[in-house]
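The first chain written gets the first letter, and so on, giving A, B and C; residue counts start at 1 in each chain.
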């Protein structure tokens, strides 16, 4: 195929849609100078928003990592009826709108919801409080580790594990010393993707959190809040920090990406 | 796979399976189903239940309110358009990344994943900065449907590229050489040899991208202005109606969105099944 | 259609694959390009097909310059080592492909495909997919596909390399018969000298991007042009200053002026043939090939001292 026209189309499109906007954050944030930027970033509510984002991620990522590995092992190694269904359910968060996720949690944990009664009776607040935000974030970032580990496990085959067993290793030892090291790069890549998703979550937490400043706002919610209150410096400032984090994530993704040729 | 079971049988035996292995299997399965049920299945079930709580008639009348219909039409229409663009440009991009070589190719390859890494609200803000009221390039599409398209193009950009790339890498280049030696023109080689093999990749990317586009909120909420009947997408409709206490209205539209998601997942599953058709001996 | 390769050179980065190679292939002949890995034989074949372009030199097909011609326009049939099957098409559609490109009418295509399926003995497999065929069947399909548009030249790149020994032997025979029937100019690449000798009328021996010798199998064996050809085609031993074939060494139990003393290290019985590994008094090792009868008559065994005389030797200056 003729090279140059295709190359120009692809690169031109990327510039317009991707790189242009990215450059803007870096530019606009420094528009009004470093002073206002620092002030808005050190606002206690902003600091709290970042802290909350990190705490939620710190809970959601390990949970989904463990789930991802266990689930992948169950799907690939144990043949059970309904493995296909489990696979589909794991993929569900990728296809569902975050707002739909938020609403379903709202209905489940709300006052009149199936779980709502129980939690209310015990005085535990789920909605409009961090617990619902954690649950929402776990939902939306669920698939990533599982989806990375499943194909890697499949390709690995069971020969190494069988060899370990003939040498006397029990199930746990085999898992810890043979299986886990073999899938570690897939797990790491999955963790990077999960973290990115957690940091960037907006729609689902927007619904369940109530967006109370200083209490149930994550960094992404705060960006919108700042924008709607005409605090552009604030909005761009938080966006800048998030963008820098994204670039770090992007670099991590590029480094840990499973070799496509090996995978294919 | 046959070799696997043949080899496993003598080692583990059919009856004498060590109890620790049986326990581990049960545990992993149990944990998986429990986790999935609590996190995913129950909430979705609660949503579906709530939407039919007042009966199907009620559901239908709520779902077909003019504002709801307008929002859904906008979401689906925009998603379709964006998906079409992605199918073409995404395939071209994947082709360029796999078959072409130029300075900075690895940088470009890395940057494709930016929409996966960047929070959607930040993406929306930057699109607003670039193509909104204070645009440095003099383009102002804020509060228009074009803005929605731009936002959706951004967030769905990687989908087709990333599903087509591995398939392209795996292609048997010699089959293309064979086709050429049999007289096929370059276009014919692409149409008859390359395309049938990358089509499943394109379809999966399209299905995933469409599902994502139809439900997107973060990237759209700032730049579109959320004007009902004009630039209010379905996800924003749902959000607003939750805020205003109209749970049944929100639930109705949410269920429609959910059904679209299910349909896309079925499509992807179907593609996966169809792909292995000519590999099954 | 005759093929003339004229002063063709090709580099890949630092590696000189072909160094000013010239070869003439007569119309209707069955030629082998024989050589070890890296000798340039596959590269040469691909250049003739138009799948690679030479850095210098020309290719003439039926007397006219084809060097700049794309593979689509050369009318050349190509068979790949790993089949290059169109995996998403049935066997029938694979074979029909070249004819569909040329927009032949549907019934003509159907007729020709059936003809070819019969020729390659794949009747009944027409509606299967390549993944459902064995290696040998896939290669036969690839051959049928290449032959369908009636090419003037058939090129095969190590066509039997990926198959097991028995299938290889069958297909070799089959290729000879096919050539006898169609009389299409055929060139195939192989690293297996036995295959080249068995199948081809004319063998082009290549090494390190150069042509060492072009000759018929017998001439190649009996009068090799240099040391490389002698040792590559058939077995050969260094025997003092010259080269001797294992079956051109006579073994005696008593010495005379023309014999050399040697110790038998090992005797291997390979059915009718016996191979003995010996070492001369000056330490040089060599192999002798004898018949079973000769071995029994001389009562040869490991550890025995014997006297060896070449009946035919070749020296290269």
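Basically, contacts are C-beta pairs under 8 Å (C-beta built on N, C-alpha and C of every residue); 3 or more make two chains touch, one makes a residue touch a chain.
A quick note: this is a predicted structure, and the numbers were derived from the prediction, not measured.
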Between B-C and A-B, the pair with more C-beta contacts: A-B
Chain nearest the overall C-alpha centroid of the shown protein atoms: B
Computing the C-alpha centre of each chain, which chain sits at the greatest distance from chain C? A
Approximately how many whole Å separate the CA-defined centres of chain A and chain C? 58
Chain-centre distance (mean CA atoms) for chain A and chain B, in whole Å, is 15
Chain B and chain C have mean C-alpha positions lying a whole-number Å distance apart equal to 52
Of all residues in chain A, which are in touch with two or more distinct other chains? none
Residues of chain C that touch two or more other chains: which are they? none
Residues of chain C touching chain B in the complex: 49-51, 70-74, 76-78, 80, 82, 84-88, 97-98, 101-102, 129, 131-132, 142, 145-146, 148-149
If you look only at chain B, which of its residues touch chain C in the complex? 172, 174-175, 177-185, 188, 192-193, 196-197, 278-281
Over in the complex, which chain A residues touch chain B? Could you list them? 1, 3, 6-7, 9-11, 13-14, 17-22, 24-25, 28, 67, 70-71, 73-75, 78, 80, 84, 86, 88-108, 113-115, 135, 138-139, 142, 157-159, 162, 165-166, 170-172, 193, 196, 199-203, 206-207, 219-220, 223-224, 227, 235-236, 239, 242-243, 246-247, 249-251, 253-254, 260-261, 263-264
Can you name the residues of chain B that touch chain A in the complex? 4, 7-8, 11, 18, 20-21, 24-25, 28-29, 31-33, 35-36, 39-44, 46-47, 49-50, 89, 92-93, 95-97, 99-100, 102, 106, 108-123, 125-127, 129-130, 136, 150, 153-154, 157, 165-167, 169-170, 186, 190, 208, 211-212, 214-218, 221-222, 234-236, 238-239, 242, 247, 250-251, 254, 257-258, 261-262, 264-265, 268-269
